[in-house]
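Chain naming follows the written order as A, B, C, D, E and F, and within any one chain the residues start at number 1.
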Amino acid sequence: MFYPAKKLVIITEYFISEKVCAIIESCNGKGYTLVPIGGKGMHHLHSTSKKATVIEGFDNLKIEVVTVDRAVAEVIAEKVLSECFEDFAGVMYLEDVEICRPERF
Amino acid sequence: MFYPAKKLVIITEYFISEKVCAIIESCNGKGYTLVPIGGKGMHHLHSTSKKATVIEGFDNLKIEVVTVDRAVAEVIAEKVLSECFEDFAGVMYLEDVEICRPERF
Amino acid sequence: MFYPAKKLVIITEYFISEKVCAIIESCNGKGYTLVPIGGKGMHHLHSTSKKATVIEGFDNLKIEVVTVDRAVAEVIAEKVLSECFEDFAGVMYLEDVEICRPERF
Amino acid sequence: MELIFDFLRQFASQLQSPTLSFLIGGALLAAFGSKLTIPSPIYQFVVFVLLMKIGMKGGVEIRGAELSEMLLPAAISVVLGLLIVFLGHFIFSRLPGINSADGTATAGLFGAVSASTLAAAIVMLEEQSMNFEAWMPALYPFMDIPALILAIVLASIQREKNKGGERKKVHAWAIVKESLRSSALSAMILGLFLGLFARPETVLASFYEPLFRGLLSVLMLVLGMEAWTRIKELKDVAHWFAVYAFFGPIVHGLIAFGLGYLAHLWVGFSPGGVVLLSVIAASNSDISGPPTIRAGIPWANPSSYIGASTSVGTPVAIAICIPLFVALAQVVFDL
Amino acid sequence: MELIFDFLRQFASQLQSPTLSFLIGGALLAAFGSKLTIPSPIYQFVVFVLLMKIGMKGGVEIRGAELSEMLLPAAISVVLGLLIVFLGHFIFSRLPGINSADGTATAGLFGAVSASTLAAAIVMLEEQSMNFEAWMPALYPFMDIPALILAIVLASIQREKNKGGERKKVHAWAIVKESLRSSALSAMILGLFLGLFARPETVLASFYEPLFRGLLSVLMLVLGMEAWTRIKELKDVAHWFAVYAFFGPIVHGLIAFGLGYLAHLWVGFSPGGVVLLSVIAASNSDISGPPTIRAGIPWANPSSYIGASTSVGTPVAIAICIPLFVALAQVVFDL
Amino acid sequence: MELIFDFLRQFASQLQSPTLSFLIGGALLAAFGSKLTIPSPIYQFVVFVLLMKIGMKGGVEIRGAELSEMLLPAAISVVLGLLIVFLGHFIFSRLPGINSADGTATAGLFGAVSASTLAAAIVMLEEQSMNFEAWMPALYPFMDIPALILAIVLASIQREKNKGGERKKVHAWAIVKESLRSSALSAMILGLFLGLFARPETVLASFYEPLFRGLLSVLMLVLGMEAWTRIKELKDVAHWFAVYAFFGPIVHGLIAFGLGYLAHLWVGFSPGGVVLLSVIAASNSDISGPPTIRAGIPWANPSSYIGASTSVGTPVAIAICIPLFVALAQVVFDL
């Protein structure tokens, strides 16, 4: 019932998220999940966006892609790294998962 | 201090989430976490629900259940698959985790 | 391109989240991600905070810390357990991940 | 001839009304890819205030009214809700390349009622100083709920026929409860009760009424943006849905106008009431209908009925049907 | 006898007031399982506008006032806050089957003050054209903060006694700061400062005042929904909490009425001021108190004090205590 | 001398105006660590209503106007936008310890326009009954867009020089589109169109205008809180950014005042128009500029330009520049 797969997690600023999603689709990711988040890393604290901030678009977003093929995850990660993360904040990691209905991923 | 356990992740539309939660409780899941999300899969793009959409209830939700017993996770997954996912969009996967305070799961 | 690391996940009430974040920073966690959630455990159902609740601060929050060093995760977990979770609701678990750009974690 | 002329004049002037111009403005914004959004909590609050106001106002005004007058129009509403669904079900089942469940689900939404269209119609009638019976908004559930139930029943019967096998019972009472519990209907019913049994006049006059038109303009903007955004979904499904969504509201409204006219002759139903009945019939459920249909007919493809409803049906109901029926009333009732 | 009669008349008419009817409406909605919700950002904004208005209005009006008049009522407020907590702590510690920390935490909330109840009382007094001193809202922190601090101190002492061992110091100043920084109190204090030192009259008259009653009706709806929703939590804890939450507000309000009456005799404290003081004493903290108590007495079970407060205490304070003290004032002061 | 006196008087009285006192109040709240927040959806809606009102009002009033009058001021606006960016780019490139991209990005924001400052200036002019041309708000994009484009072009050229290697083309048209699509500009343009081509007068008078000042007070509170909160960020970058952010607005505004005065002599540009032009020039983009700059100059450090803009530039533009240019106009035009 469960089949091994990979989940790639990408954390990035809102206004390059569209570019990241386009990369996912162009690299044969079959879908993705978007989670609004806050957090802190090397840069300043981002609130969880409930509170008004005058400047729009600097919120963070977590993007998760589940894929049966590790190679797909690696290609996406490489492209995101070279095309989006050069100048922008962001974090990326991979997890092992076991999926139901593998035909969907 | 840490004990092996499983985390079952279920992504589904809001208005069957109550049914999914009822299944979790009926199958001895000791708790669950609800994460409001957006995303894209075989169906259309769901926004992260900050933006007004005229039609309510079509947002997506991520439901996470941590359990020490893989069998519990499998029973929940099976039930959700047969009772909820026949007609509805949705994605399900399992992850390995290590928990603190195993008596709570 | 990917290097093994650990992700510590802490679920807790909003108004001790600041204390948890301070513990993370004091224990050399290099960053953390905050996810607004709802959920149910031994206590009552927490909504996902879209709905007005008269009383503020009782929402739940998921805090994720990625670190290359399992020891760091364990120290954080121990401190959170002893300093925050004695009286408060909360759940904690660890996951294996593979990270890009290990110098950031 | 004169009707067409009247309608065109009415239509041209309505295009500039706050209601319609915001609807069009919203669609233009979305078409040009604007990042302007109305946040979801604001939208929910807007709907709440509009429906509370409609309910309270109705409640306050019908305190002394003769409710027996409501019987015939209520009966007509039930008939209309059922008739529209039967008609749609019949039409879609004869069209080529249509999944029958998708057709029935769509017919269900078009038989049901839109709270936003109702609010827009009330403002437009007020602008025309065309009076209507205070209990008119209370007809909403009489048309809405039977339509949704019938659509789910028809789709379930159809499915059994096709699949053979296990009969799945439709829980009509559960659907009634779910409809009444929806945010839109329960706001209106709460308002109605407060208007009937409490004394909300001060707060109605200081808050709900003054904000009504402004918030309606915000709602229209959201409807316009949504209409444009969902056109993509409509493109992926059979074109018949768009055709039905364009002509359906006009035909449904005309049928309602006819029945309303009879009620006018028999029991003195007011011209404004006839227009409002026609608009209710022409409208299709946007807030509470889709989740009910999704839960009741989960095997139907939401893109078909939601696309048809939000992208074509609602704009047609607001922008074409309201001015059309107002013009028609002016001719027919010689106002 | 006449008092009871007056109260009943007052009560019956208040039930229909926008304030109370929306409170009841909210509870009914929740009881019938309605999906109608007021979004959280709207609720926060409503509270902000209400408290800014109360603060600004107060600030504007006390510009020329003799603030020394405030001294006695402020002292009485401190005494009341402390007294209520001592009383509750004493009562709960004598009741069977009660975790003493839960009891003290509950007493702390009931000694503290509810911003929503205060807003409701101000509207009701205005409707009765019963005047009160402009600085009355400024008494809020004088009762609120001492009550919260005392409850935390008492619970900590108790814990030490039981546990023996390590003494955990209570940081009174930290609690004062936390209270003043809470969203409710800081909105009111900001308003007060703006009213005192700036010239916010135009914006007060064009925005904050006209919206006040409407937004209060929305707040009452939320309180009503919450009261019903949390009744479940209350069922899981000892029934004494419900009993205390029902009679506590009435008793606390009556004590405050007595002390206020003395101040009336001594320094001419106004009848409206006496009523408002009684309502403040009768109220229990809903917005800022619970997090302070949770942080200060984390070993107390939130279900007990939150359930008691939101499900019973607040409805009793608004629906029973306000009309009761208004009626009492009319008899006592012969208005 | 008299000017300084006038300005000080003006300034002292403006400090008590709702606009400025809320700005200061917000900063104080943040400084004292208050937990009061204005929820994000409310903020977005506030900006929407303010800009729709400015747009609609402008649109309604310029229906009959002679738009050729707008030509010279529009040209001046373009020149100002470009000039300010060149100036800033030049200054920062001569200052020690500044990453040149950070400087150019900052200059870009200060050349661009702030919707909030514009709204505040309009209210303050109304309070002074100082009239201005109805099309003034429409100058916004004429200054805003050229400034943003120029900053991105300059930063890109600089980068090429430093890095050598691959030339990265700046897509000017894409920046224009992105600017026009930003929530702030598209709300104002939508309002303008509705005002020009529809009849939104009823809804303008019943909703957008009455709420304007109140919502502006809320916006000022948010700006004040943000100014304080982001001061931390500013501390981490070179102090020159703070110096530039303090004097820049005053200098930019004075240049604009001079050019506006010439337009007054040549084509009769009104005194109120001159003040508004100066304020627009003094303002720096807060809502839509930062994302455009972030996307166009991603290698610049956001803390430098956002800190400079929100923590210093905006408060200076609102609290110092508006009263300064009003006082200046009163002296220069002898009002």
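As a working rule, a contact is a pair of C-beta atoms (placed from the backbone, for glycine too) under 8 Å apart; a residue touches a chain by one contact, two chains touch by 3 or more.
Given the structure is predicted, the values throughout are model-derived calculations rather than measurements.
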Can you list every chain in contact with both subunit E and subunit F? D
How many steps does it take, at the fewest, to get from subunit B to subunit E if each step moves to a chain that touches the one before? 2
Return the chain whose centre of C-alpha atoms lies at maximal distance from the corresponding centre of subunit E. A
Compared with subunit B, which chain's mean CA position is the farthest off? F
Taking each chain's centre as its mean C-alpha position, how far apart are subunit D and subunit F in Å? 43
Approximately how many whole Å separate the CA-defined centres of subunit C and subunit F? 40
Between subunit A and subunit E, what's the gap in Å when you average each chain's C-alpha atoms? 46
Check: subunit E positions touching at least 2 other chains come out as 37-42, 44, 183, 210-211
Could you say which residues in subunit A touch two or more other chains, in rising order? 35-36, 49-50, 95-96
Graph of touching chains, which shape: line, ring, star, complete, other? other
If I apply the definition of touch given earlier, which pairs of chains qualify? A-B, A-C, A-F, B-C, B-D, C-E, D-E, D-F, E-F
State the interface residues of subunit E toward subunit F in the complex, per the touch definition above. 39-42, 44-45, 48, 177, 180-183, 186-187, 190, 193-194, 197-200, 202-203, 206-208, 210-211
Can you tell me which positions in subunit B touch subunit A when the two form their complex? 9, 11, 35-42, 48, 50, 60, 62, 74, 77-78, 81, 91-96
Taking the touch rule as given, give the residues of subunit F at its contact with subunit A in the complex, in rising order. 37-40, 42-44, 116, 183, 222-223, 226, 232-233, 286-288, 290-291, 294-295, 298-299, 302-303, 306, 310
Which part of subunit D faces subunit F closely enough to touch in the complex? 15-18, 21-22, 25, 28-29, 32-42, 127, 210-211, 213-215, 217
Listed in rising order, subunit A residues that touch subunit F in their complex are 13, 15-16, 43-44, 49-58, 86-88
